[in-house]
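Inspection log for the structure reproduced underneath, given as structure tokens.
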Amino acid sequence: MKRGYSFDELAIVPGNTTRNPEQVEVSFRLKDFVFSIPVWAAAMDSVVDPDFASLMHDMGGLGVLNLEGINARYEHPESVLEEIACAPDDKSTLMLQKVYAEPIKENLIGERIRDIKARGSICAVSITPQNAKRLSPLACEAGTDMIVAQSTVTTARHISKSYRGLIFSELCASLKVPVVVGNCVSHDCALELMREGVWGILVGVGPGAACTTREVLGIGVPQATATMDCAAARDKYVKETGRYVAIITDGGIQKSDDLCKAFACGADAVMLGAILAQAEEAPGRGYHWGMSTPHPNLPRGARVQVGTYGSLRQILFGPTSDNLGRQNLIGALKTCMGLCGAANLQGMHHAELIIAPAIKTEGKYLQLKHQGE
Amino acid sequence: MKRGYSFDELAIVPGNTTRNPEQVEVSFRLKDFVFSIPVWAAAMDSVVDPDFASLMHDMGGLGVLNLEGINARYEHPESVLEEIACAPDDKSTLMLQKVYAEPIKENLIGERIRDIKARGSICAVSITPQNAKRLSPLACEAGTDMIVAQSTVTTARHISKSYRGLIFSELCASLKVPVVVGNCVSHDCALELMREGVWGILVGVGPGAACTTREVLGIGVPQATATMDCAAARDKYVKETGRYVAIITDGGIQKSDDLCKAFACGADAVMLGAILAQAEEAPGRGYHWGMSTPHPNLPRGARVQVGTYGSLRQILFGPTSDNLGRQNLIGALKTCMGLCGAANLQGMHHAELIIAPAIKTEGKYLQLKHQGE
Amino acid sequence: MKRGYSFDELAIVPGNTTRNPEQVEVSFRLKDFVFSIPVWAAAMDSVVDPDFASLMHDMGGLGVLNLEGINARYEHPESVLEEIACAPDDKSTLMLQKVYAEPIKENLIGERIRDIKARGSICAVSITPQNAKRLSPLACEAGTDMIVAQSTVTTARHISKSYRGLIFSELCASLKVPVVVGNCVSHDCALELMREGVWGILVGVGPGAACTTREVLGIGVPQATATMDCAAARDKYVKETGRYVAIITDGGIQKSDDLCKAFACGADAVMLGAILAQAEEAPGRGYHWGMSTPHPNLPRGARVQVGTYGSLRQILFGPTSDNLGRQNLIGALKTCMGLCGAANLQGMHHAELIIAPAIKTEGKYLQLKHQGE
Amino acid sequence: MKRGYSFDELAIVPGNTTRNPEQVEVSFRLKDFVFSIPVWAAAMDSVVDPDFASLMHDMGGLGVLNLEGINARYEHPESVLEEIACAPDDKSTLMLQKVYAEPIKENLIGERIRDIKARGSICAVSITPQNAKRLSPLACEAGTDMIVAQSTVTTARHISKSYRGLIFSELCASLKVPVVVGNCVSHDCALELMREGVWGILVGVGPGAACTTREVLGIGVPQATATMDCAAARDKYVKETGRYVAIITDGGIQKSDDLCKAFACGADAVMLGAILAQAEEAPGRGYHWGMSTPHPNLPRGARVQVGTYGSLRQILFGPTSDNLGRQNLIGALKTCMGLCGAANLQGMHHAELIIAPAIKTEGKYLQLKHQGE
């Protein structure tokens, strides 16, 4: 059996050359889209609504809107979000199950997309594979710039009785916009998906803050290893075909150190959930939950109280007095890249990683004080 | 020295093919018996009485009745179980020692078996090896369908002065019903038992929730490794002889993720204790203890308060709002198998496992909040 | 760098043969002395005084009296022990430093030994190497049966200015009684000491409950590895010379599981401190401390409150309602040996060990309950 | 990926020869300076001011004054330090950011150095690489004996737009005093710096008590591994050139055991922060913080309350009743060296290390007591 590593278990070794942070470039490209920061907001109702998508665009990143979430089920999502935020802890899963029992309204799909586009923002929407054939034409018609086909685990080959498995090569050929697929954690699975024509792969099964796939199903791959394996598939594929498919680490990033390590593991961008749900502008009102949380008979996740912690701008760019890595993510990334001597994100892929036990320095002092006094 | 792994240290890698959960088959066969779900209830007084055995049968599984427990020692077990549940924590071991000092009544053995059979259920009973020759004919006469010979560690070769060691080949030959033996944790020991003619092997020494064999005796093998080793013996034996002996993981399964991993490790079925003791219908009244707990001068275990947590049907099949893997075990197994692309349990034996550190996502948030605010 | 293992990280694999506990023999021999149980009480003032030494003899083991402790410094140790037990926590180290500043009285040495011998007990006394030449003739004259030369780390080659390093070969030749030396943790060091003529080696640096050598000096070897390495030296030495030198694991044994594992690691006997300090008859009155605790300017240890927990007989032989491995040590050892199929202690040296993560089953339930309710 | 080790994960194996502590020599040489103890106080405002530098000199070590800290920004540092100590916890980082926004006063640089020299002490001052060319001539003119060029990560090759990267070979050639550089954690980086002409290398990125570089940036190498790697570079360099460059472990040492292990890993000296900030004479008044804590928009560290715990003399030389390794550091080092048979620090480089899990003995007792009573 292979040993998988989470970000917590690794550290980045500083380089033999260093570089001033302002000499560092963090832009990221997916097909023809260039983002000035390599950060996407996750397609979760606690993170992205049309307002937040637009704000992410203004910051240089991207917010992916979930086309099967509250915004597609309710005309007025605000009251629903308020209701979720106010539910007592022990009723929150039940409440989410109820909220998501409401059917998707096809008319809302176009409305949400047009809302995002009307502000001049790049628009990306997520759909589950089983609904992709039905909903993606509607989304394209409304003007989306990108389709994200996403479920807990998505493979190029799905066996189903109730619907013909989605053929990604057909989907990619039929749409004019690039298709991004997730989630995926293994080299072979990523490679197969690339060969179907997708332009981006979301990496991550099991490690998210609001997801308990691993705790309920036992399924998951530690996020550093998953990122490295899928990045190796990208490197193999680009060598074979010349086409560069973006690897986007989705899950397991809770602080700026995790974010820096994702790039050292080979990521081209990161998709953030919990850490952006902490923004004042996030629709979750200090709460965060995932799309498998409201599953009607096997919920895999919970409503987590993440708190509200600064504006999105502060979380991404600072300035900050926080020393725990929750704010100024881009500043931390640039400083880290500078200490590794990396001029851009692809240079950062060559940073050396070392297996290193997590350190708890403050705790040790408290312990010493407690024992001795 | 070899490294042993517990379920906690492993995760299942999703497959390169996926499958809808309804396209998945979880039935399990032992000799001529086919169970529609691969779950047996453990032969513990807090889990199985005749009522519960019958209920397990109705659900498609099996409940094994302990023929040396309270049901075989007391005409009216209810009051004894009530007394155990009411004992204060610090007196509970002493109380159990007292309760189990009562001798086994041979007449009750037939009565309990006939009670189970009268409801149309498959009946399985457990006996310790030292009592097997005396009690198994009585059990067969009363109509049991299966004999489970079970003790902390059972081998094909036992050295004793006070009684002639049980010869399993003789026992298997003398009985018309299949014999299942446990517990066992090593490849060679499992293989020897198979060669004696048994039809099933219970795997597990030391890992149970209500068992402290490892803490008191230092003996035990982590459950994932034990399951893999015994499954390897089964695969070797079936190749040699064509006879398929069932490997039943017994112990170390506390949530649905552990259950899923047991099958990925090679199990044909699982025997559950604590998780079923949580059922409303379980005789333990929210408490759980093992058969080595009341040992008169070296207790190895404790009465554990596991709580009451839904009906047996809900624990096995949901629906549920629980997101911690304590309910809808079969739903979780089918979903997991689907994500691994496994059509049946033997397909699940080929799922890839990865060594992965346990994750604690919620805790991390709480910690961050505590540090920062 | 080599990986060292503590007992906590290992588990014993049950054997392919099993044996009834009453078919198991646990006696242990050192030169001409045969002890019916392989347990020595440590030469610590909280564990052994003349009364306790005599009691250990009656149980079939041995209590080693420290000839540089309170019994050799004070005519009436009881009041001193009482004073230690009553000291407030934050003053206890200071108090111990003061108590041990009192000089050793040579007249008391003979008196204590004669007291033990007068009761018909085998007498063993411990002396530090630097005092061995001065005190061991006095001890032999008073009738001691064994000399234990013990310090934090003892080697066959010590470099000193203030006294000529003790030459063990000279000491062994000059005394009629067998010499046991400690403490030692490496193969080569143990082998050198055997070649000097000693009959027993105490194994252990750093792991004791009342010793912080490792925390203060960084020095120590995990106890399972230390025992295995020294046992390998014994096996090599007996093959070369035919003389069997006893390996006595001293430290790191806090429960019966650790004790069982010591023998699986190759120990011939164990020396117990904290676990015997819990006996009602122990002089420590529920407290425990080591000989490096009162060091005048670099204390390495603390007074630990271990509690009083049953009589010595109960701790060694049960019966008990304790399920945590603190009572019936010999019962646990015999049961463990039976499950390994070992007929005697040397058979137990062949038991298989597996690297296994520590399990915390009860904790998991409490955690689940806490999360879910 | 390579596995990195922290001091916590290692233990020192005692030697096959032992030696009395008074037979042990701990002096340390850097170019022409000989220090009777191998301890430097870190260039942090909570640790070194001119008074403390002088006190360290009197003890036989060295205190490095930070030339970009409070002493260089404020005419009267006392009131600023008092203000920092009095800030409430949740405002402390903000307060530090404000305090360090005050510009450096060039006139104070000479004043502080002359103050130290006036007391007859060796004077060492630290400067960041970007200010080295401007400030080091001023420092030399004022009479400093040593220049320490120090930042989070310093390499021989730095790329910058705003200033020409510091060329260490030029700096070393231009100054009459030896240059020490830090921080560095890898073999190659250390070797390059040695080839530039430096006389000492500070080793450590990420492990300090008041530094969260690893938590914010993900950057760091466990301190034992970093020390070993840089010591290997020193050994290679001395073999090539005959010039011995000192390796000074800076960070990750919180108790005497860590200090002892640093030398076993190959260190020639240690630089201590938190442990000396605990001295009664330290300017931090029981608080400790690092130079990256007050970073204006990405603070990496916090004000940590370390407490006040004895005089500097007691911390370095005892006597003590502390048994946790916080006092009598030199006594602990000498005792440890004696148990390893090392006559001097270079002998200590040959002590054997073993990978050993951290032990928590007292905790185990408390846990047992809690479970059982």
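The chains carry the letters A, B, C and D, assigned in the order they are written, with residues numbered from 1 in each.
Everything that follows uses one rule, which is that contacts are C-beta pairs under 8 Å (C-beta built on N, C-alpha and C of every residue); 3 or more make two chains touch, one makes a residue touch a chain.
No experiment lies behind these values; they were computed from the predicted model shown.
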Chain labels contacting subunit C and also subunit D: none
Copy pair subunit B, subunit C: interface residue numbering same or different (half cut): different
Copies subunit A and subunit B - rotation angle from C-alpha fit, nearest 5 degrees: 90
Gap in Å, rounded to a whole number, between the CA centres of subunit C and subunit B: 40
Where subunit A and subunit C are represented by their mean Cα positions, the distance between them in whole Å: 56
Contacts with 2+ other chains: residues of subunit C: 255, 322, 324, 362, 373
Listing of all chain pairs that touch each other, if any do: A-B, A-D, B-C, C-D
Residue numbers on subunit B that touch subunit C, as the complex places them: 1-6, 8-9, 93-94, 97, 152-162, 185-186, 188-189, 192, 205-212, 214-222, 225, 254-255, 274, 293, 296-302, 304-307, 309, 322, 324, 326, 362
Partner subunit A, residues of subunit B touching it in the complex: 5, 7, 10-20, 22-23, 255-261, 264, 318-325, 328, 331-332, 335-336, 339-341, 353-357, 359, 361-362, 364-365, 368-369, 371-373
